[in-house]
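Think of it as A, B, C, D, E and F in the order they're written, each chain with its own count starting at 1.
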Amino acid sequence: MPALSEVISALDALWPPERAEGWDAVGTVCGDPDAPVRTVLFAVDPVQEIADEAVRLGADLLVTHHPLYLRGTTTVAASTFKGRVVHTLIRNGVGLHVAHTNADTADPGVSDALAATLELRVLGPLVADPADEAGRRGLGRVCEPPHPMTLAEFAAHAAERLPATAQGVRVAGDPDRPLTRIVVSGGSGDSLFDHVRAAGADAFLTADLRHHPASEATERSPLALLDAAHWATEWPWCTQAAAQLDQISDRHGWGLRTHVSRTVTDPWTAHVASTTDTPAAPRTPAPGPPSGPDSPGAPR
Amino acid sequence: MPALSEVISALDALWPPERAEGWDAVGTVCGDPDAPVRTVLFAVDPVQEIADEAVRLGADLLVTHHPLYLRGTTTVAASTFKGRVVHTLIRNGVGLHVAHTNADTADPGVSDALAATLELRVLGPLVADPADEAGRRGLGRVCEPPHPMTLAEFAAHAAERLPATAQGVRVAGDPDRPLTRIVVSGGSGDSLFDHVRAAGADAFLTADLRHHPASEATERSPLALLDAAHWATEWPWCTQAAAQLDQISDRHGWGLRTHVSRTVTDPWTAHVASTTDTPAAPRTPAPGPPSGPDSPGAPR
Amino acid sequence: MPALSEVISALDALWPPERAEGWDAVGTVCGDPDAPVRTVLFAVDPVQEIADEAVRLGADLLVTHHPLYLRGTTTVAASTFKGRVVHTLIRNGVGLHVAHTNADTADPGVSDALAATLELRVLGPLVADPADEAGRRGLGRVCEPPHPMTLAEFAAHAAERLPATAQGVRVAGDPDRPLTRIVVSGGSGDSLFDHVRAAGADAFLTADLRHHPASEATERSPLALLDAAHWATEWPWCTQAAAQLDQISDRHGWGLRTHVSRTVTDPWTAHVASTTDTPAAPRTPAPGPPSGPDSPGAPR
Amino acid sequence: MPALSEVISALDALWPPERAEGWDAVGTVCGDPDAPVRTVLFAVDPVQEIADEAVRLGADLLVTHHPLYLRGTTTVAASTFKGRVVHTLIRNGVGLHVAHTNADTADPGVSDALAATLELRVLGPLVADPADEAGRRGLGRVCEPPHPMTLAEFAAHAAERLPATAQGVRVAGDPDRPLTRIVVSGGSGDSLFDHVRAAGADAFLTADLRHHPASEATERSPLALLDAAHWATEWPWCTQAAAQLDQISDRHGWGLRTHVSRTVTDPWTAHVASTTDTPAAPRTPAPGPPSGPDSPGAPR
Amino acid sequence: MPALSEVISALDALWPPERAEGWDAVGTVCGDPDAPVRTVLFAVDPVQEIADEAVRLGADLLVTHHPLYLRGTTTVAASTFKGRVVHTLIRNGVGLHVAHTNADTADPGVSDALAATLELRVLGPLVADPADEAGRRGLGRVCEPPHPMTLAEFAAHAAERLPATAQGVRVAGDPDRPLTRIVVSGGSGDSLFDHVRAAGADAFLTADLRHHPASEATERSPLALLDAAHWATEWPWCTQAAAQLDQISDRHGWGLRTHVSRTVTDPWTAHVASTTDTPAAPRTPAPGPPSGPDSPGAPR
Amino acid sequence: MPALSEVISALDALWPPERAEGWDAVGTVCGDPDAPVRTVLFAVDPVQEIADEAVRLGADLLVTHHPLYLRGTTTVAASTFKGRVVHTLIRNGVGLHVAHTNADTADPGVSDALAATLELRVLGPLVADPADEAGRRGLGRVCEPPHPMTLAEFAAHAAERLPATAQGVRVAGDPDRPLTRIVVSGGSGDSLFDHVRAAGADAFLTADLRHHPASEATERSPLALLDAAHWATEWPWCTQAAAQLDQISDRHGWGLRTHVSRTVTDPWTAHVASTTDTPAAPRTPAPGPPSGPDSPGAPR
C-alpha cells in the first residue's frame, strides 16, 4: 500500500498546486504523510455528510474539489462546523486533499468532464493558460454540440444528462435559437461573460448566475444562458478524477480502491414552480401596452 | 402639472438619497428639472424594454429600483446598451429616477412590500438603521407567518403569492420543519446570513443565493432557505411606491397618472427539471456504498 | 453622407483610444452610431456655450479635446451643468467625441500644433512613447527657435502668435537669456519639470503652472518659464485636427463640412496689472539689505 | 536675550503645530534650542535668496510660511538646492521655523491679513474649525466689501492694495456684477469651490487656480473669480505675524528686532499681454455664429 | 468533571477574547466542546515538545500564551510542523486554548506576573486600556523597586529571579544609575519606547529588542534597557494562570488538576562570551581618540 | 586634495546607490560637494559619539553603514538627537555618506567581510542579485568552514574572531552537530530563513533574531542558529571599505588618510548570566515528565 505522501505526489502531478489561482487554497488539508492508503473517496464538497461517508466507507483519503478553508483559519475547534469535519477526519485517520482551480484548468479538467457528460465536442479552453504551449489548459471549454440543436433542445438534453438536482436548469433566451457554439464552465461563471462573448458563443452553460450579471449579459447581446446547480456542473469531474487515479494505481501496482460519492451536496433540496399567472396584488392595468408582451407574469 | 423637480422632491422625501449605501448610485439619471410631469411608470429594471414601454405609455418619468449606472460611466453613447436607454429617454422627454438601497431600508421599504405580498406580519427590520429612533427602518424584515406553516407549506404559499417567474422558488431544508420566524429580504441576500442567524429565524426568503454561501449556511445551522427570482422579490415594491406617489399627488392636486410595469425583467425565461433519477435521489441515507453505483470511474 | 460610426472610426485611426492614459476618458460621449454626419465642429472645451454653438451651426458631431466626464458619472440629469450639455446634444442630434491624451501624444499631436503656431522647429517628443519606433509620438515637444531669440523676445513672440486671451503670458527668468532649446507642452505642464531639465531646455512654455512647482523649478536650475492660458496652448490643435479630417473626407468623398470654434473658453476674462509700487502696509524697512534687490515690489 | 526654544514656544502658542493639517510639515526645521535670539526675519518662502537675506541681516531666526521640506527627506546635502539652504542657515547660526496650515487657520490667520490688506470686513471663516467654539478659526474668510463695488472695481482695488507682482490679478466673470459677499483665501484655493458656493459668495479671491477647476466653477454658477500671485496673497501675513511677535517681545522684555522681507519670491518676473486680435492661423470662419459673442479672441 | 466548553467559558471570563488586539488569534484552536476535562497543562509555546508533554501527562487541555496559528492557515496537514502538533493533540484528545494579548493586558496579566517574579511593586499599566475605569488593565506595568537599586544591582537581581535561560540578561546603560521607576513588559517590547519615555522610567525590562530600536532609544535619552529571553519574561504568567484556574475549580468543585510546564522553550540553548579584547584584524589605530573610551572592544 | 564630490563618485562606483533596496536611504546625507577632503572616517552607526569622534579626528567625511534617516524627515533641528548630529557635522565641515543595502549586496560586501573575519570560504551569495551575471553579488553568503567543526567549536571560534561585545554569541542547536555548510549575513537576518533552508545550510550566523522567527525555524528543521551583536557582524565591513578607498586614493594620488572607528556602538554594554537553577517561584512539579528533559531551567 502506498503512503499518503506518495498518493498526494501522484495527485499533484495531475493537478499541480502552483497552477491554482493566487486566492485559492488547494493541497492537503489534513492527514499524516506516512499513513498507508488503500481506499480513496472523491466528492465535490468537504462537508460533514461527506466526511461521515468517508468514515463509513473506511476511506484513508478524501479528495474534494472545494477547499474546506478557502480563507485561512486560526482554529479547527470542533465547536465550528468545519473544525468538526477536521476532528472527524483526523480521529478516523482520513486525509483530505483539495484540487480546485488547478483541476478547473487542467487537461483534462472540470469543464472537460462537464462537456463529456453533455456529449459536447471540446474545441479548446475559454480562457487559455498562456503557459500551456499545447493550448489545451485553461478555464471553461468552447464546444460544439454533437448535432444541430435549438436552445430548447439543448436545455432538455442538459436536464437529462446532468446528475439530477432539485434546482434543475434555468434558461434565458429564445428557445428556437439554433446553437452551433456552446461554452461550458463548471461552477460559478458570472465573471466570464466578456470571454464568452469574445469566443463567439451562442450559449453559455454554467452555475450561480445572479440577476445583475445575467440581466446585463442578455441586454448586451442575444447570448443564451443555462444555469445548472453548481454541484451538478462539477460532479462529473469526480468520476473523471477517480478514473485517472485508477490508472496510476494500476501502473504502480498500488491496488487502490477508489469511490465516487453519490451524495448530492447541492444545498437546494426542493423546487416549487410559480403557481399564479398574474403578479400578486395587481394594480390598475397599464393602459398602453397590449396584452401580448406585457401581459402579467408572462416571460419576456 | 408639477415640474419634474417637484415630483423628484416628493420622491426624495420618501426615499432620502443620503440614506443610500455609500457604494450605491441613486437619484435622477436623466431628465429636465423644469419639464412638466403627468404620467409616471414604476419598474424594477431600467432596461431597453422598459424604456420602450415608458415611451409607448407616454410617460414623463420612469422610476426604477435598480440603478442604470451603478458604477460611474464616462459615456452614454447609443452604441452601448445603457446609452441606448439614455438616448431613448432623453429624445422622448422621459426622466429616469432611481430609489435603490434608500428604498430597501425605508419605512415602508422593499421588504415590507415583499412581506405584505407573502401575507407575513412584520416584527421589525433585520439590520436596523441606528439613526432611526422608531426602530422601523433598515435592511430586510423579521416576520411571523399568519398561521403555523411547515417549510413545504410556506414554499407552496410563496410560489403562489409572488409574481410568476420562470425560475420559481428553490428550497433548502427539512420540508416538515415548522416555521415561526421568517426573515425576508428583497434582492441578493447572501451577505445577510450572520444577521439572519442572530435574529433567530427558522427560514430566510431572498434571491441570488450562490452555492458556497448557501452551503455554508445550511452546514452551520438548520436554517431553511427559499430563493426566488430577484425580480419577483422586488416587484411588489413598485405597487407600493406607486400608491405612495398617488397619495402625494392627491394631496397636492397634481393629477398624476401612475402605472406599474407588468413586464417581467427577470433574465430567466424557462426552467427545465432534472429528468434522470440518478444520483440525485439518495441524499441523506447514504448506505454503506454498495459496489454498483460507487464503482470507480463508472459513468452514470 | 457617412454614418457617425464611420467618422468615429476615422478619428480613432488618427488618435487611437488605447493610446490614452489609463486615467483618461476619451472616445464617444453621446450620439447614435447610425446617424448621418455632414457638419463637424472642433473645440477645446465641451461647455454649454460650445454645445449651443454646435446646435446653431447645425453640426452633427462635436469633437473636443477635453473630456466632458473625466471621472465616471452616474447621472446626466439636466439639473447638472454637464448633464445640460448632454441633453442639449442628444435632443439636437449632435454627437460628442473626445480626443485628449491620445491626441496629446499623437503624430502630429497637440504640441506639434502649438509649436507650429509659435514657428518653432520640432526636434522630437519630450517624453517619447516607447511603443513608437519612429520616435515621433509622445508628450510635449523639444524645439528650436527659428532664429536666435532672448527670453524677452520669445515671450513677445508668443504673446503675438498665440490666440488672444485675457491672461496673456506669464514669464519667469532672466529676460536677456539666449534661448536655443525650447520645450512646449499644451495644457497643464507642472508634472514635466524632470523631463524638461533632462532635455537640456533653456525655456519651457506650457500652462497652469502653480507657485510651488514653478518656484522649485526656478530654484533648482536657471530654466526660463512661460505660462500661457491653458486654452490658448491647445486651441491650435483644433485647426490641425479639422484639416486632418478634411483630408480623410476628401479621400472618401464624404463631403464633410468642418468648422473650428473661435469661442474663447478660457475662464479668465480680464487681467489687471499691479498698480502699487510698494507692498501694502509697509513696515519698518529691513536695515541690512540695500534698496536694490530688496526694494518693495521689485521682481527678483 | 531669549533662547531659540523660548521664542519657538511663543510662536507655537500663536500657531499650535497640532492644528496643522496631517499632510503638512510645520515647526522648527533647523537651529539649536539653546542659541540666543535677537533678530527675527519673516518671509513667505524659505528659498536661497531669503536665507542669504537672513545672513546679511544678521538674523538668528527665519520664520516662513512655506515648509522647506513638505515631504520628508533623507538628505540635506548641499548638492541639492534645499540642502544648500540648510547648510547656509546652520553655518551662519540661523534657525528656521515654519507656520503653514496652522497659520492659515489661526485667529488671526493668513486670510485675516489678506482681508485687512484688501480693506474687507471679515464675517467669519469659510471652513470653520469645529474645535473652535468661538467660531473664528478656520480656512479662508467670508467678507463684506467696505462699500458697494462691482467686480471691475474690486479687481482694480485688489491690484492696488496687494503687494505688486509681475502677474497682477486675473479675473473671471461679469465686470458689472455687484459684489456683496467676497471670500478670500491666501494660497492655492481650487479645492475650496464647494465651500465658496455654500457660503453664498459673489466672488472668490485666491491664487493658483487652474483651467479645469476654474472652468467648471464658472460653468456651474455665476461666481466671479480673482486669481492673484500666490506670494501676494500670503505676504500680508508676514507683517501681521511680526507684529504679533513684537507684542510678545515687549511683554517679556526680550528686545527682539523683527523684520519682514520685501523680496518678492513669486516665481513670475514678467507679464506680456496678448498682442493679436485674432487667433493665430485663422481657418474658415464658422458660418453660423454672428460676430458678437463668437468673434475671435473676444472674452466670453 | 466539567466539559471543555465549561472550562473555556471560565478562561474566557479571565481573558475575554474580545480584548485581544485585532491582529491577534486567541481562543480555542482544537478540541471537542463536549469532552470532559480533568487535567490542564499551562505553557508559553504550543510546540511539539509541549504537545508531547501534554500527552505524556494525560492532559485534556493545553493552555498556551502564544498562538499556534497567528496568521490564518488553510492546512493542518501533519507534513507541516504545526499540523503535526494539531494531529498529536486531536488524536490524543487534548484541546488547545490560547490567551495572548488578552492575557497581556488582563488584571492580573502577563506583566503583573513578571513584576511579581522580580519583586517589583506595580503602580499601574504602561499603556492603559481606556475601557477599564479602574485603570488597572493594559500593556506593560510601571513599577517601583522594593528598595533603592542601581542598574547593575537590578540586572543581577533579574538574572537571579527570572527562570534560567541560556541567553541570560543583556543590559544597556550606566551601571551605577540609581533606579526609581522601572517599566516591565513581557514579550517583545521594542514598539513601546514612546510610552516608556512618557512614563518617566529609568529602566525598561522586556525581550526581543533589536539593534535599531535599542540604539535609537539610548541615543534619544539615558533610559537603561534590560533584555531577557522572551520565554523567561512570559513564563511567570503560566504559574499565575494555573493558580487562577485552581481557584475557579475549587469554587465549582470541578476537581481539576493543573500543571505548569517546566520545559524551557526559548530557542537559545547556549551562550558564548566574546573572547578577544580587540576587534578582529585591527587596522591602523585612529590617532585622535585617546585610549579610554575608544579603546578596541571596550563597551561604550 | 579631491573635492567631496570626487570622493563620493568613487564610493558610488564601489556601492552604486541604485542597487540599494527601494525602502533604503543611501547616499550623501550632508556636506558641500566642493569641500576638499583629506581625512575619512568609517563607522557602522552615525550616532553622536561617532560624529564627535570625526570632529576630534579632523575628518572631512564620515562614511557609515547605517542611514541617519531611514525614513524621511522634515526637520533637522538640534533639539532632536539626529538633528544634533547634523548640526555637529555641518558646523565642523564634515560630510556624511551612507552605503547600506548597496554595500550589503556588493562584491565584496558586508557578508564577505564577515566571512573573512570568521575565516570561512565563500561559495556564493545566499540571495543572488539576478542582474549580476558573475553570480557574486547578493545578500548573505553561503560558506564552508576552513576545517570540520561542530556547532560548539564554531560558536567558540566566532566568539573569538568577531569584535568583542557585551552580548557575545547566542547559540541554538545540538552542540555536537558537525557543520559543513554555514550561511552568514551581517545585520538582521530573521527574514532570510526560507533562503537559508533552501541553501541546505547546517548553521546560520546573523544578528537580531527574535523569539518567534527563531523558534519557528528550529521547530521546522534542525538548522543551528548563531546570533551575534548586530554591530559586530557589520563592523568588519568598515575595515574592508577603508582598504578599498585607500586603493582608489593611491591610484589617483589623492593622499587620503582613512580611519576605522573602534568605538563599539552596539547598544548592549553588559551581560549577566542566569544565576538560578530553577524557575522562580516553582509550583507543584508536573507529575508525568521525569526529571531529565523537563528539569527546571535545563536547555531543551
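As a working rule, a residue touches a chain if its C-beta (ideal position, glycine included) is under 8 Å from a C-beta of that chain, and two chains touch if they have at least 3 such contacts.
Note that the structure is predicted; figures quoted are calculated from it, not measured.
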Shortest walk length in steps over touching chains, chain D through to chain E: 2
Count of contact steps on the shortest path from chain B to chain C: 1
Touching both chain D and chain F (chains): none
Equivalent of B-C within the choices A-B, E-F or D-F, defined by over half of its residue contact pairs recurring: D-F
Fraction-based call for chain E against chain A, same above half, different below: same
Length of the line joining the C-alpha centres of chain C and chain F, rounded to whole Å: 55
Inter-centroid spacing, chain F versus chain B (mean Cα positions, whole Å): 64
CA centroid of chain C to CA centroid of chain D, Å: 27
Contacts with 2+ other chains: residues of chain D: none
Contact graph of the chains (line, ring, star, complete, other): ring
Traversal of the chain ring from chain D via chain F: D, F, E, A, B, C
Residues on chain C engaged by chain D in the complex (per definition of touch): 41, 45, 47-49, 53, 56-58, 66, 81, 116-117, 152, 155-156, 158-173, 175, 187-188, 207-212, 214-220, 225, 227, 229-232, 235-236, 239, 242-243, 259-289, 293-300
For the chain E and chain A complex, residues of the former touching the latter: 5, 25, 27-33, 67-79, 83, 86-87, 90-91, 95
